[in-house]
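Just below sit the structures, each encoded as structure tokens.
What follows is a pair of complexes built around subunit A, which joins subunit B in one and subunit C in the other.
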Partner chain A sequence: MATEPMIRIEADRDPEFAAWFTGLVGEEKLRECIHCGVCSGSCPLASHMDLGPRKLMYLAREGWADDVLGSNTIWLCTSCYACTVACPQQIPVTDVMYALKRKAIEAGKAPKRHPVAVMAKQFSRMVHRRGRMSEAYLIAGLALRSGVHRYVGMLPMGVNAVRTGRISLKLDRIRRRKELTALLDRVEREREEVAAS
Partner chain B sequence: MSGYQYYPGCSLKGTGKPYEESLLAVAEALDIRLDELPDWNCCGATAYMAVDELQATTLATRNLAIAAADGRDLIAPCNACWLVLSKTAGHLADDPGLCSVVCGALQATCTIPNGDGPAPLSYDASVPIRHPLDVLVNDVGVETVAAAVTEPLEGLTVAPYYGCQIVRPLAPFDDQYDPVTMDRLLEAAGCDVLGDYPFKTRCCGASQMMTMPDVGVDLVAMLLEDAIARGADVIAVACPLCQFNLEAYQSKAFKRLGKKGRIPILYFTQLLGLAMGLSHRALGLQRSFVDVKPVLAGRSSDA
Partner chain C sequence: MREPNGTPRIGVYVCHCGTNIASTVDVAAVRDAAESLPGVVLSRDYKYMCSDPGQELIKHDIAEFGLERVVVASCSPCLHEETFRGAVGEGGINPYFFQMVNIREHDSWVHRDIAAATAKANDLIRAAVRRVRFHEPLEPRRVPIDPRVMVVGGGIAGIHAALTLANAGKQVYLVEREPSIGGHMAMFDKTFPTLDCAACILTPKMTQVRAHPNIQIMTMSEVEEVSGFVGDYRVRVKHHPRFVIEDACVGCLECIDACVFRNGKTPDEFNLGLSKRKPIYIPFPQAVPQVVVIDPEACIEFRAGCRKKTCVEVCAERNAIDFQQEVTYDEVTVGAIILATGFQAFEASRLPQYGYGRLDAVYTALEVERLVNASGPTEGSIVLRDGSTPTSIGIIHCIGSRDKNTNEYCSRVCCMYSLKLAHLLKEKTDAEIYEFYIDMRTPGKGFEEFYNRVEEEGVHFIRGKVADVYPEAGNTGRVVLQAEDTLAGMVRKIPVDMVVLATGLEPQPDAEDVRRTFNITCGSGGFFTERHPKLAPVSTFTDGVFLAGACQGPKDIPDTVAQAGAAAAEALALIDAGHIELEPNTAFVVEERCSGCRTCVGMCPFSAISIVDGKAVINEVLCKGCGTCVAACPSGAIRQNLFEDEEIFEEILGVLTHV
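The block that comes next holds the complex of A and B.
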């Protein structure tokens, strides 16, 4: 019978990930974490998380990349900043969560068809192309890419929104779309140049 | 040119339409000029930041640069837009390297909308980013708002709900833990304000309501249940996402609680407008999912 090891093995740590994570807010800042757990205690969604914010921060700084990037914690964060303002050591926990989301997407560690990751990608693609977000299309795209069955229950709400004129079926965009594309391409090029040098 | 620039953001053109309608109507009644920022783009919200930080910052900066060409204070009524624009201004000030990359790219690729001929867009930190609660309390003044009230909302008990992002992590115009700007405006409108509503700044679930509704609905249920238990007739909000979450998921939330219930979720600007005698239609009240007639019965001409 196969067994799962109950202990963490030093050799499984990913020092590169630890270094990246520590660099986010600075080594000293992260070492100042006293593990008081106020971040987890103040989090409105902690009860749904597999790792609370405190545990997540600890595992991340020690280099347990797979535990951290594979946890549901980073996808449950709503950016309410309760942890950030409560932290006695002024660690910007919410900003760290954003960075972990980006890392998980970049490293391909975001759970497949996870609605939060799908939504973030869908949203950014739409805004990148058109400069504005159109709610009806965001939700439709989200349903198509993360599972239509999840959104059937939202139909009456959609009907209500149409009835009250609160959802537009027009795909909105800015007038200077070409400028926006050129702008985003240009910062992208500068980033690549910096990375190459 | 007096008045303010106005950044609606995507939601105020869609599900948050009643916020835009009531804000503009109240501003007009108070003789405050609001000019929509020309050719504004999405602020990036929380979603873009989860994918790409540099691009998210660049998007928000384009709006700030358009605003800088005009120079007047910029009003952002959506909590998320307000925070993204405010945080971006902070990042650019703290990180000169980032600022030079983004501002250089802006100047090289973008032009000032509504400019006289194509002039390059350049960013400077001169434009303050304001929330309507801040402007109404600190520029216009609670007394001026009170003086414009013709039909005070006497007997209407309101739970003031501020949400997260106008008090965290920044709180430049109100108390971080017990904000009062909305309380004061609603009192000026004659409402009975539940100043001790303990969930004033508790999370509404934000975009999780759309992505993981089973998780978010617990948060909404708690906010609704407590407001009703304290005797609220209405919950007042200052953010389009808070409004939508608290209103649109009510039946689900009450089912979760095993209770029956309905409570209108109105923008504070809708309540101010009602007290100023503006029509339901001008304030977008007909767009509510929860019928507002029972709590507003007998008030104003077209109730």
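The block that comes next holds the complex of A and C.
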């Protein structure tokens, strides 16, 4: 049986990551976590998570950046908000998940071809460019970028959805797209400026 | 404006308060700056002015240097004004030839910039030095004190306070709104950590209260209105009808047997609805007073008229039943009041995820106290609502505590009573018991030892808050508790037959009304606020009103009794003196300037002003020195001791001199 060292030394910790994370608006509450575990207890997907929300948030606030950004927990979160509602310290757990997803993508730590990460990216790109969601194209993009084999079994359901009008094949867009794109670019720029300061 | 009385010789003392002041204010610089102020003949700094040597310094300097006025720059006057006035008085000059400057709470504690904090201290001292020149000699007011005391609330806190005072020979009115005294403690089974039975230790005290010649119990009564002031409170008490004449009833309980209702139909309040009672009932066997009570909501005499009136028939000899009783009022005068109004248990249905009121298997801790109690609805055997005996039980801590969605504070007693219930349930059922806790809080004499004992008994301790309680699939009647076992790092689902919710302690639902009636304050959690958390824990900001027990904050029985004893001792010290000295900061009328316009009469919040022969007259005993009339008087005819115009203007000028 192979053994790996279980002891972590302080030099492995990334205090800057911790400072960045607890400095986000709303995330300062993370310091108030009393580790009751009600977030992990109420999470419908905790059974498939490597860390679960409680451990994830603890590792994040203490600066164990690699463990946090490499965990599957952030990608399995479905934003059902059960944890946020139940938290006795009113920590916005779901917002934590989003912040970490973003950071993982930026740091290049998002799992390659992971459907959740790909979906998020496709979604924001489509909104950014067209101002509207066209499900057929979103699904197509998702399938191409995360592996078509995953979706073969769902094909009959997809065909039914198109036939009954649940999914439109039309490529939608809004008028004055440039204004929206400018708006979103501006938000992104400001966010980067804030992050840089 | 008047001129100062000559040029009095002033001494200034700057306190370091250890490092509390000295770390933010340059006290040596402040001392030097004060020395150069007009009238100041001496300026000193000292580590602790409130200490005996500090006070001696003032007394010595008054004699040695002929000081006529003293200024001390230290902490809040709330803390040490009395101390320094005493020292000034003992030094041989009028105690009111003194002014205190707060350079701690108002300066060093709220600032970081040393230069700015030092400048602020200089400004404040300059203001005090300029004002103190105008101080007049004053005498404290003396008012007599009524030696009687009212205790509001007849739980263990009220009982203990009333007995302590009564044993000291004082007359006590004990007001309780329920039909019997005893409070929550009477409902408990055993008490942690010693496991002595609550009834065995409480009922002897209840009996003593009943028999004590100095205690008058007023049950089914509430305080409606309080007027007056310390030493002379007038309290209006409302008595709800019991429909039984207390003096006539001997507690034979024959009327209950005779009632036309063969079985009880009304949920029994004392058993929290786990059993039923008749319309005529006694709350519990050891109730004090031993007098039955009729529930007009349930008794058919009040709805349609009872043809038989079997209760009246069987009581013919004593004739104690009186359907005509109505609400009555009493007005009593007391010198001091002790509030011991207790708590209410958190309403568990407010957290729907725990299923209380929806799932039969879920109980509150107080209900389980009744279930395990030999005089409870099941005579002490653990029988669930479906008639079965549990083989597995989950106890969930922190229900309505340590949760910003309900109550942020820790209720202090739940960990220990949960451990106690785990022990009792284990003993009675030998079930598997799971305790879900966030942190185990057992700080008390013998508490940790008790925790160890329960651990040894094989109770499972799971560190994690239950997130969900739901029925087990397949209609088993069991429920599943889902929680993260944070020590093991995994989510667990544990099916149990019975769930006990360790509900927290909350202020009484009408605590806000009580607060207003007695003119005291509530903290953020809604509990009554003590005057000082360390140094005046049973006093309130209203003189002569004291606090005891859980109305001041969640606490267990030993702490409640200790606090009740302390409140009784404080009340005793107050009333035993026979009189009290009040601050002479009262307002007075300059008669020749008063036009009799009555503006002040309506403004006075203490009804201290009346018009006699066309001029306003202020009752010194009632005046609290708020200054409202002084500011309101259109002809400037009202002045106030210690707040004369010159004193206030000089103070303002002193602060603004350098601006």
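Here, the second predicted complex is superposed on the first by the 178 of 197 C-alpha atoms of A that agree within 3 Å, B and C clash if a C-alpha of one lies under 4 Å from a C-alpha of the other, contacts with A are read in each partner's own complex, and residues count from 1 in each chain.
Everything below uses one rule, namely that a residue touches a chain if its C-beta (ideal position, glycine included) is under 8 Å from a C-beta of that chain, and two chains touch if they have at least 3 such contacts.
On a predicted model such as this, the values are computed, not experimentally measured, just so you know.
Novice: Clash or fit: what happens to subunit B and subunit C when subunit A is overlaid?
Specialist: Partners fit side by side after overlay.
Novice: Tell me which partner A:M119 touches in the superposition: subunit B (first), subunit C (second), both or neither.
Specialist: A:M119 sits against subunit B, while subunit C stays out of touch.
Novice: Of the two partners subunit B and subunit C, which one touches more residues belonging to subunit A?
Specialist: Touching more residues of subunit A than the other partner does is B.
Novice: Per the contact definition in the header, classify A:T73: touching subunit B only (first), subunit C only (second), both, or neither.
Specialist: In the superposition, A:T73 contacts neither subunit B nor subunit C.
Novice: Touch test for A:I105: subunit B only (first), subunit C only (second), both, or neither?
Specialist: It touches subunit B, and subunit C stays clear.
Novice: Let me test your reading of the model: by the given contact rule, A:T22 touches which partner, first (subunit B), second (subunit C), both or neither?
Specialist: Neither subunit B nor subunit C is touched by A:T22.
Novice: With both complexes overlaid on chain A, does A:P88 touch subunit B (first), subunit C (second), both or neither?
Specialist: The answer is second: A:P88 touches subunit C but not subunit B.
Novice: What angle, in steps of 10 degrees, lies at subunit A between subunit B and subunit C when each chain is taken as its C-alpha centre?
Specialist: 80
Novice: Between subunit B (first) and subunit C (second), which does A:A46 come into contact with in this model arrangement: first, second, both, or neither?
Specialist: In the superposition, A:A46 touches subunit C alone.
Novice: For A:H128 in the superposed arrangement: first (subunit B), second (subunit C), both or neither?
Specialist: The answer is first: A:H128 touches subunit B but not subunit C.
Novice: Once the structures are superposed on A, label A:S168 by its partner contacts, choosing first (subunit B), second (subunit C), both or neither.
Specialist: A:S168 contacts subunit B only, not subunit C.
Novice: Of the two partner chains, subunit B (first) and subunit C (second), which one does A:V187 touch, if any: first, second, both, or neither?
Specialist: first
Novice: Between subunit B and subunit C, once the two complexes are placed on the common chain, what is the minimum CA to CA distance in Å?
Specialist: 6
Novice: Same subunit A residues contacting subunit B and subunit C, which ones?
Specialist: Common to the two interfaces on subunit A: residues 82.
Novice: Can you list the residues on subunit B that touch subunit A in the complex?
Specialist: 10-11, 13-18, 39-42, 44-56, 58-59, 62, 101-102, 104-106, 108-111, 113, 164-165, 168-169, 176, 202-203, 205-208, 210-213, 215, 219, 248-249, 286-289
Novice: Applying the document's contact rule, which stretches of subunit A touch subunit C when the two form their complex?
Specialist: My answer: residues 34-43, 46-47, 52, 54-55, 82, 86, 88-90.
Novice: Enumerate the contact residues on subunit A facing subunit B in the complex.
Specialist: Touching subunit B from subunit A are residues 44-45, 48, 75-76, 78-82, 84-85, 92, 94, 98-99, 101-102, 105, 115-121, 123-124, 127-128, 131-136, 139, 142, 146, 153-154, 157, 160-161, 164-168, 172, 174-176, 179-180, 182-184, 186-188, 190-191.
Novice: Given the complex with subunit A, which residues does subunit C contribute to the contact?
Specialist: 353, 398, 402-405, 438-439, 463-468, 482-486, 489, 491
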